[in-house]
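Letters A, B, C and D mark the chains in the order given here, with residues in each chain numbered from 1 onward.
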Amino acid sequence: MTHPTVPLRRYVGIFAALILLTGLTVVIAFFDLGGGRLHALNAIAAITIAVTKALLVVLYFMHVRYSSRLTWIFVGAGVFWFVIMIVLTLADYLSRGWFPTPGSWSS
Amino acid sequence: MSDAPHEPRQHYLNCDYSVRSWLLTTDHKRIGILYLVSISAFFVLGGVMAGLLRLELLTPHGDLVQAETYNKFFTMHGITMIFFFLIPSIPAVLGNFLVPIMIGARDLAFPKINLLSWYVYTLGAAFTVVAMVTGGVDTGWTFYTPYSSTYANTNVILTALGVFITGFSSILTGLNFVVTIHKMRAPGLTWFRLPLFIWAHYATALIMLLGTPVVAITILLVALERGLGIGIFDPAIGGDPVLFQHLFWFYSHPAVYIMILPSMGVMSELVACFSRKRVFGYAFVAGSSMAIAVLGFLVWGHHMFVSSQSMYAGIIFSLLSFLVAIPSAVKVFNWTATMYKGSISLQTPMLYAFGFVGLFTIGGLTGLFLATLAVDVHVHDTYFVVAHFHYIMVGGAIMGFLGGLHFWWPKITGRMYPDAWGRLAAVILFVGFNMTFFPQFVLGFLGMPRRYHVYPPEFQMLNVLSTAGAVILGLGYVLPALYLAWSIFKGKPAGDNPWGATGLEWHTPSPPPTFNFEQTPVVREEAYAYDSQLEGHRV
Amino acid sequence: MWPQVTQALRLVPEQASTVAGQVDALFLFLVAITVFFTGLIFLLVVVFALKYRRRSDDERPKAIHGSLVLEAFWTVVPLGIALAIFVWGTYLYYVISRPPAAAMEIYVVGKQWMWKLQHPTGQREINELHVPVNRPVRLTMTSEDVIHSFYVPAFRIKADVVPGKYTSTWFEATKTGEYHLFCAEYCGTSHAVMGGRIVVMEPAEYERWLTGGASAESLPAAGEALFARLACNTCHKSDGSGRGPSLVGKFGKTERLASGETVVVDESYVRESILNPQAKITTGYPPIMPTFKGLVTEDQLLQLIAYIKSLKMDGQAKP
Amino acid sequence: MSEHSAQVAHQFDDATQQYEASTLGMWAFLITEIMFFGGLFAGFFVYILGHAAAFAEGSRHLDLALGTVNTLVLLGSSLTMALAVRGAQRGDRRGQVLFLVLTIILGVAFLGIKGLEYAHKFEQHLVPGPLFRMEGPHAQSAQLFFSFYFAMTGVHALHMIVGVGLLAWLLVNALRGRYSAEYFTPVEVSGLYWHFVDVVWIFLFPTLYLVARHV
């Protein structure tokens, strides 16, 4: 059940897309999209582009698109557990300022 | 019962006696035994440390050793027991030995990586022992910054590297189990026909894979901060010591499920075999192992309720901590229900199973005290916590390990241990354990903080009681070591299936041949099918 | 000999604060649940082990696969009990973590292996804290080196003391007497001896203790002297004509920052603005304030904060 | 035992089982790598919330040109790696060798550029620790940024070095003609590892280099 060989054209196409997206993310970084002290919109844009590039590499270069459902589950689980760590850790840091005790992190 | 073999049958033990064949083996059974020897050595080391701690605590003022030495003792007791005994014990010994046989495979998916796992464990152990011998470390097994990164003046980096390296041994074992259980099951062995021992080890392997790397990078950052003076958790330049606690406990709470889940797997096997009955609610027991593995990653904040973590995060973690307690309760109820209308024999493994059910229930329920915000403020970092996790680790994990070791001893060595001695040791352990750790619940509620070299006089009587219990507990551990070693040479031959159990491992000779089965078995019915055992032969 | 025995046989620590009773009630409820379930499991296991002991080797009991009803029952019931405990524990935690407004301020600085406590009236104590009975006391705490934890078992309070930030807790003693003060977070060699006692006294006796001690300079007064010595007043003039904002009546208010966000002027904000001024600049002022890191100790920071707190609208410092 | 071609290990029944187990094993390992780098990213995100201005200041001290070039180099090496795997799969020995060599060259180029950047940082006294010198108001917590910069890119570079070693071993075997359409598992598995190291850089680049460049 090894996956079919991917045509050369597709690989070069994916590579071109990756190069374009890299250029895009660098250019966008020079415009202030707002979002307050943390320039949140810049961050969201950069992360979205990075996720898109990562998906291209994972799906096509790493052949996950042609792999078994089990591989999808493994990749999904890895990303999901990373998100758990980020979300619950930030839940502490973001909510520190809400209760009127000293020691707020980033009010 | 197979008749007495005329000329000795070839099996994984007598096929090659050379030391080289042991040190370069890729046979999962031999690697299991290599691990058994290594972790037993560390159990003795950790046990000696525990004995010294209890001796010191006989009197309120520190008159056995200096404060610094006491701190090094409790640190080494923690590191040795957790990283070098509890985490590897059942997965690396019983898991390595049994997972391939139970699923009808010739070996694990990556035998060479399995041997690498043992060498990585030994390398990490070497670092830690060198650190201990050349001055020890006194940061506690938790390595909290800024003490560990800036203020401690003991071998923190050396020990951190030792723990860092040993973490990869756990990762490699987890990786091997996950791939093996997915890809190398015998024909007919669907997921819901798997023994619950395998389900528990699958859940444990997931935690090993998803949690261990985070403590690896955290310990590495502490070593970098200490070694190169770069500030990562250093409050002087804006770093946050509480961030270390977040990253550390992200792994270290799931690690306690690495320690208890395999014991739960052993428990399902023991209760089913010695009640001669299917496990009640098989799917729920299997599902609760997976639920514990997933929920176990969401609750680490209950270690940090008083650490200036925000109150709202505390409330979230408290709620999630209550949810993770439910699957454990479901398991205990299912084991008890399995015994209903069974045919229960009180041989040694079953006594350890009873010990597990009783002590794990107390350990689990006292965990609810610590998950309750208002109560945790009072009992956090006191002996109440020490008693709670010893009820889970010793009452749960070690009882499960000893129960499993006795249950599969005839399969591993082909010899039977003396059951009377076995039962005696189990009872002594149960009594000694309770006498050691139950008084600590009271000490904790009275407010005696943990990791104290000296304590106020009013706590002395309970501490004396606890030390007395520790002596009995220590004796209790010596007994199995003696009669199990004795049984290797003098024990009577055990035959292929001394307990009349149903697992695939009981359908191959004891001790098994190097490739486990003459030809790959085909599985046609559910696990624990004791009721249909007598009619036709299964395989 | 008898007092030792009775004290040694004690199962419940002294209840010496307003919250102690409530925490103990919740604790005993949890003990009851533990005893009930452990007893239930113990009973079932013993009864089954005896009633269904194996009579002959080839005995094969009938297979029982399981029952959905039972599984649902012993999932939902423990869940219900767990949530009940959670709600009670969280409610109690929420109630006991909000200090009453008129609480007496005590500043605590933890340092490797001693507690330094400062009263607003200037008294400084090492490992000891004298407080009046039936009066809420709010502790604002920090550490000079590693993490410690301020733990008074008799009051059922515990709060980590973290370097680089302020943490706080409070208590209201209800019984006079002496109570243990422990450090609960491992902090190195003498972690076990880093403790002391909280002495709770009748109000009259407390007043006598206050005046009896060496007449130390009150905290705000010490802060004012330091404010002048460090030349803070050259920029922070009370009438607001200096290059820095006037600090009169600012404590507790909400300030608008240059970055557009707002921040409450509390102990942490004052501390951060002294040690790392550029972090949060108030609108309309240039970021020219130099950092005082290394020039001010933790105790001096607390003095400055006490002084700034005392700058009420009518302009002069009040003891 | 079923008949065994030379390349199928004894514990597997056939080549397909071995291929699936090996790729699944590599993915399981890559999950641990996600969590390993994940710990660093978690620390970075927490600190950037508390020290946004300082981290922006630190990010502006990084050489964006070299960073972008390095990203393109690494994306290129991902392409050549994918083509090397394709070559192995089609049994095209010349293609395998060519693209493996190209991938190694690009990998080494990446490490060279990264070394150049590190050298610049040493000159500018931007290496965290006692030698750290930086003017401006946020010098202190900017050192945190550089601690994470060196930790993250350093660990990534270590993974690159291991990757180049893996590719060299593949090259030797490819030259010996060991890989064919029936047996190319090691190339596929090493490809997964190499692509993963590229994916980590895809996230590292914006996180470190593009923090509020517009200010």
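Keep in mind that, in the parts below, contacts are C-beta pairs under 8 Å (C-beta built on N, C-alpha and C of every residue); 3 or more make two chains touch, one makes a residue touch a chain.
From a predicted model like this one, the values you see are computed outputs, not experimental measurements.
A.B. asks: Return the chain pair with more inter-chain C-beta contacts, choosing between A-D and A-C.
C.D. replies: A-D
A.B. asks: Report, in whole Å, the distance between the mean C-alpha point of subunit A and the mean C-alpha point of subunit D.
C.D. replies: Inter-chain centre distance comes to 16 Å.
A.B. asks: Find the geometric centre of each of subunit A and subunit C from their Cα atoms only, then give the gap between the two centres in Å, rounded to an integer.
C.D. replies: Centres of subunit A and subunit C (C-alpha means) sit 39 Å apart.
A.B. asks: Could you please state the distance in Å, as a whole number, between where the Cα atoms of subunit B are centred and where those of subunit D are centred?
C.D. replies: The separation of the two C-alpha centroids amounts to 35 Å.
A.B. asks: Scan subunit C for residues touching two or more other chains and write them down.
C.D. replies: Residues 97, 162, 165, 167, 276.
A.B. asks: In subunit B, what residues contact two or more other chains?
C.D. replies: 182, 210, 214, 238-240, 242-243, 246-247, 250, 308, 311
A.B. asks: Two or more other chains in contact with one residue: find those residues in subunit A.
C.D. replies: As it turns out, subunit A has residues touching two or more other chains at 37, 70, 77-78, 81, 85, 89, 93, 99, 101, 103, 105.
A.B. asks: Classify the inter-chain contact topology: is it line, ring, star, complete, or other?
C.D. replies: Contact pattern: complete, every chain touching every other.
A.B. asks: Under the definition above, what is the set of subunit D residues touching subunit B in their complex?
C.D. replies: 1, 9-13, 17, 20-21, 24-25, 28-29, 31-33, 35-40, 42-43, 46-47, 50-51, 54, 128-130, 140-141, 143-144, 146-148, 150-151, 155
A.B. asks: Mind pulling up the subunit B residues that touch subunit C in the complex?
C.D. replies: Touch list, subunit B to subunit C: 62, 67-68, 71, 138-140, 142, 144, 146-147, 150-152, 235-236, 238-242, 275-278, 280-284, 306-308, 311, 314-315, 318-319, 322-323, 325-326, 329-330, 332-334, 336-337, 339-346, 354, 357-358, 361-362, 365-366, 368-369, 371-375, 377-378, 380-382, 442, 445-447, 449-458, 460-462, 500, 529-534.
A.B. asks: Enumerate the contact residues on subunit D facing subunit A in the complex.
C.D. replies: It comes out as residues 16, 19-20, 23-24, 27-28, 30-31, 34-35, 38-39, 41-42, 45-46, 48-50, 52-53, 56, 64, 68, 71-72, 75-76, 78-79, 81-83, 86, 89-90, 188, 191-192, 195-196, 198-199, 202-203, 205-207, 209-210, 212-215.
A.B. asks: How about subunit C: which of its residues touch subunit D in the complex?
C.D. replies: Touching subunit D from subunit C are residues 276-279, 287, 291, 293.
A.B. asks: Considering only the defined contacts, which subunit B positions touch subunit A in the complex?
C.D. replies: Its residues touching subunit A are 182, 206, 210, 214, 240, 242-243, 246-247, 250, 297-298, 300-301, 308-313, 316-317.
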